[in-house]
């Protein structure tokens, strides 16, 4: 078997991918789920990782500068989008007006927060929202606050919103409003089985599983220049499957 | 003090099963090591709850198993000087002494002051010290002072002066007796030294293996062969009441007279602190009493009283003669050989002799 | 490296405030519970003890989560607090105190319990015979004699709360200036590649606080030892 | 709710293994350091104490990072261990033990220290006059008398390591079956929205372990009390 | 024992500054509470390091400030019975007693067995008990046993029998004396009771306020007015060596003779355990000795020895007469009045009388 270090936010989808890979005769996968930063440092410290799935590009870049990963094998496994969620029955609109607190990942340290900051800036909402923002230590915590009704809304990944269920997706931030939200993956060791899994991740089957979990295809969303600053009407393509999953 | 005790109390394999009443204001407890004296004190003070019976002190029921009465220790106002000093290590000597003073209302009517006690116990120089590096005897004195200063309505003292030197003992015991007498603080004293107890009282509780085997005055206990044998090992002591007549500087003596028969005088070593006319108690060890068939001259024994033998009790190796004298009934311990030689038997006339220096003030 | 940013300074102050709050908040319950555990036997004692110990065993994040459920806006107690007293704990520094205090409490209780159980009961008996009520005996004899343990317990609570991360971040959030304590700031710094030196600077600040608190506790212990009359050198 | 998945069972076993490893690993250093702190005066004592306390104050995640730096493949000690003994700690359950032990050590040391400082030195003196060497006196008199504190310290270390999350996940990783202890499993479960019930199931498992360990320690303490001759009811 | 002590030691405000040498195998220490007796013991045992001076025991330097020698306590093989018992609370009575046995090599040549000690101290029934709920006297006995069983080369005993009842005392002290004599374990004994010390030795160290104020035999100390005044408060006791002649069952006495002058016999209460021919020591309190100008008949005092007055020392309220008798020099305490009456002065002939029952075996 081989070991995959993966960002904690990809836990469920990667487990499913591994199961599917095994069905097709692949070797079983051992996972190490933690925050991307912790994983990157572990890898740098010599942890026996074969693959690394990062929740953002920065930590993969960092590993590259440490020459701790095999640059040539790197690709973006999936993409994600940023949504604003609220407790069910919320009357919030996605139009720049805000009332109540909004939980959002810490701008500096939480990737979702960084994207949110870019997006809010891009939309010109940042200054009005700033007093209402509650920075959290992870996007999970932001989600938790929304679930517990501690905040009026939260800015989280679309995948989180989908998996959490029972939440109102108030709006989706347009992809061009922030840097691409991608999940880079790269091989760390030369383990054959791991490279096989890497290849499996590029197959249609894998893409289907990713899609099922709400992830987008990185190639398709990678258009930073398109300008669709329209309001709540711009629901992302995956919203439909979100509602489909709600049952 | 009216103390009515009837308790039983099991501690592991040891059973304390004590019944006694005491109407005197002071009581001595005497018994071999491990016979349950300290345990009895713990029960009286309320530190341990007996398994049955009752304790009634001066009309107040402190404990009654059948009526489920149990007055907790801090409401009993019973002072206990422990066998081990049990000073509070986090307080200075003064704080320890004053510990009982901070309890509201306890010390309002205390008839002696802090300074009295400090002076008596000779602990003035220790007042500001930490208690941890006091010597054994110093600790014991602080413990006595602490209890006295808490102004209890009953004092229980568990060998308070063992481990003190003779001169301290001879200061502290009379003071305790005086506190007891003039202030009427009822006192119970455990000691292995009958002489110490007698300085306070001649009322004795004899204990053996958790039971009370005698409760009477020393006099009466000595008269009864059964209780006398419990006293074996103790130095039997006589107590007589005398009145101070005068002091004789040159002879270095104090002259005393027997109140009932003022013709008979007794000499003891001079104690000029005693004003003439005052009545005091003296202790004379039974084995220091000399018997003679006639008055003796040219001998260093100054005190000679005529008497007649009331009774002779023979124990295994000695004879205890009860002798009626002008000073009351005295016990003399002699060897059986002497008894034969002098031809003593009940009714014989005899002279009772004792040295002035064998007399202890008590 | 030496100069601290205003954010960092505020995190240090906040940490200190929270840690002192925790020290204050845990003292009384720790003393009561420690005494209870050391001196009383009752049915279900071990269950009570398990309950006290639970925050030690449960990951702090979960503790934070459970606190959120109980003290959150819709939580049983949180609702009541908000409605009746208008007290809101989530996202406030008081909330950080609550979270840290819960996590630190078992440590303080253990310390007090140990010390109380080692106090010589014969001294308590002596106090009772001097007319001290059981409560007074507790205050005047048991507590002072258990002082090293109580102080140690407070110190543990203080230190633990300086380092508490999981429960605070989950329950109180990571709001700069109001709930971002040192560990949270450190954590945030560590999430950014290359900001290790910021993190280490804050770690050093933590250590300085720890050192200071140890120094203080040492002074207080020494004084207590002196008062206890324990010879230090023999 | 009741049936546990194999992953969960393995997490429970692993947690138990790690916690027992921590208990074993901390005992000797805790006793030595506790005694040192309680009984010796030396220059820089307070620095040593700060060092011991550091893992309490530093967020566990940071402790994990520091361990990674020191014991990692490129770390000073890690390199040496790997080269000379072929021992690798990062990512093994032994690594989890190391991480948890470091975090738990201050608690154990404090407990031992407190108990040792409350041992009556006069009894040690008595042992010396009977011909016991200082070491023998320590083993035969000081240690047994400090037993409640030592046991309490071990228990604290055990419990703390059952709940330790930050240092373990950072230093030892979160690998199912080899380093995924209960808190990490709980963390993982919480990462998946909707798996809260899995998390709670695991929390209950933690509590059961805690309960069992308390029960055990209670039994041992009672026995010790019995041996110490302390009357339990008077 | 060759013990050479010259130490000073500051403890807070208290200064122990003791110089003495001792060549006897036993030594008694006597002095008021807080004079530094226990502190001296701590220094001898190595529990405290003096600030200066030296301690040399049997040729081995245990401490020497100038040479920086300090033998740690566990290498000194000095047993110490503490004033407080200091039993190990985590061990049973038996484990406490056997504590010293587990030290390798210490008890190989021990001349008495575990059972001997248990029997002597009458603690057989306590063997399996926890030490915590023992009575005060029981604890003290275990502490004595523990030290004896550790087979020390020097025994230091700090008031080992205070708090024990008379019959236990009278069992334990002679045993300690026997252990000391027959086994040649040098012993130092602190006691506030001169009689107890004399059962072991007549070599006395007098202490006051941290200093040694006398170091000699009791005899010599009494002869010197300066040291005599230090003994004030103590009951002065004479020691005489006698040989057992025979027992008289009917008279209940044991007949003894003075070895140097076998014509003179002394009667004491019967002790059939003594085989005829054996030499023993007797103690007679000085205040129980009666002086007379002639032999007396018809009196219960059986022992009468002729003598002549060597010297009379006058203290404030009594006269101590040193009298040369066939049994050696004896001290008699009398009041100055008696002295005048009998016309005693140096050189006078006199008779020394004492009761058989005032004799203590020591």
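Labels A, B, C, D and E are assigned to the chains in the order they are written; within every chain, residues are numbered from 1.
Assume a residue touches a chain if its C-beta (ideal position, glycine included) is under 8 Å from a C-beta of that chain, and two chains touch if they have at least 3 such contacts.
As the structure is a computational prediction, the values presented were derived from the model and not from experiment.
Asker: I need the common contact partners of chain C and chain D, sorted by label.
Answerer: A
Asker: Give the label of the chain whose average Cα location is farthest from that of chain D.
Answerer: Ranked by distance of C-alpha centres from chain D, the top chain is B.
Asker: Taking each chain's centre as the mean position of its Cα atoms, how many Å separate chain B from chain E?
Answerer: 26
Asker: Per the centroid of Cα atoms for each chain, what is the distance between chain D and chain E, given in Å?
Answerer: Measuring from centre to centre gives 56 Å for this pair.
Asker: I'd like the Å distance between the centres of chain A and chain E, where a centre is the mean of that chain's Cα atoms.
Answerer: Here chain A and chain E have centroids separated by 91 Å.
Asker: By the touch rule stated above, which residues of chain D touch at least two different other chains?
Answerer: Residue numbers touching two or more other chains: 61, 65, 187, 190, 234.
Asker: Counting only residues that touch at least two other chains, what does the list for chain B look like?
Answerer: In chain B, the residues touching two or more other chains are 47, 84, 133.
Asker: Specify, in ascending order, the residues of chain A that touch 2 or more different other chains.
Answerer: none
Asker: Judged by the touch rule stated earlier, which pairs of chains are there in contact?
Answerer: Contacting pairs: A-C, A-D, B-C, B-E, C-D, D-E.
Asker: Help me check something: in the complex, which residues belonging to chain C touch chain D?
Answerer: Per the stated touch rule, the residues are 41, 46-47, 49-50, 53-62, 65, 106-107, 110-111, 113-115, 117-118, 121, 148-149, 152, 156, 159-160, 162-166, 182-183, 186-187, 190, 199, 203, 206-207, 209-211, 214-215, 218, 232-234.
Asker: For the complex, give me every residue of chain B touching chain E.
Answerer: 11-12, 31-34, 36-39, 83-84, 129, 133-138, 141, 158-159, 162-170, 192-193, 232-235, 248, 250-253, 267, 269-270, 287-288, 290-294, 296, 298-302, 317-319, 332-338, 340-342, 353, 355-358
Asker: Note which residues of chain C are touching chain B in the complex, please.
Answerer: 122-123, 125-134, 136-137, 141, 144-145, 147, 224, 226-231
Asker: For the complex, which residues does chain D have touching chain A?
Answerer: Interface residues on chain D, with respect to chain A: 61, 64-65, 68-69, 72-75, 78, 88, 90-91, 169-170, 173-179, 187-188, 190-194.
Asker: Residue numbers of chain B touching chain C in their complex, please.
Answerer: 45-47, 72-74, 77-80, 82, 84, 86, 88-91, 99-100, 103, 106, 130-133, 146-147, 150
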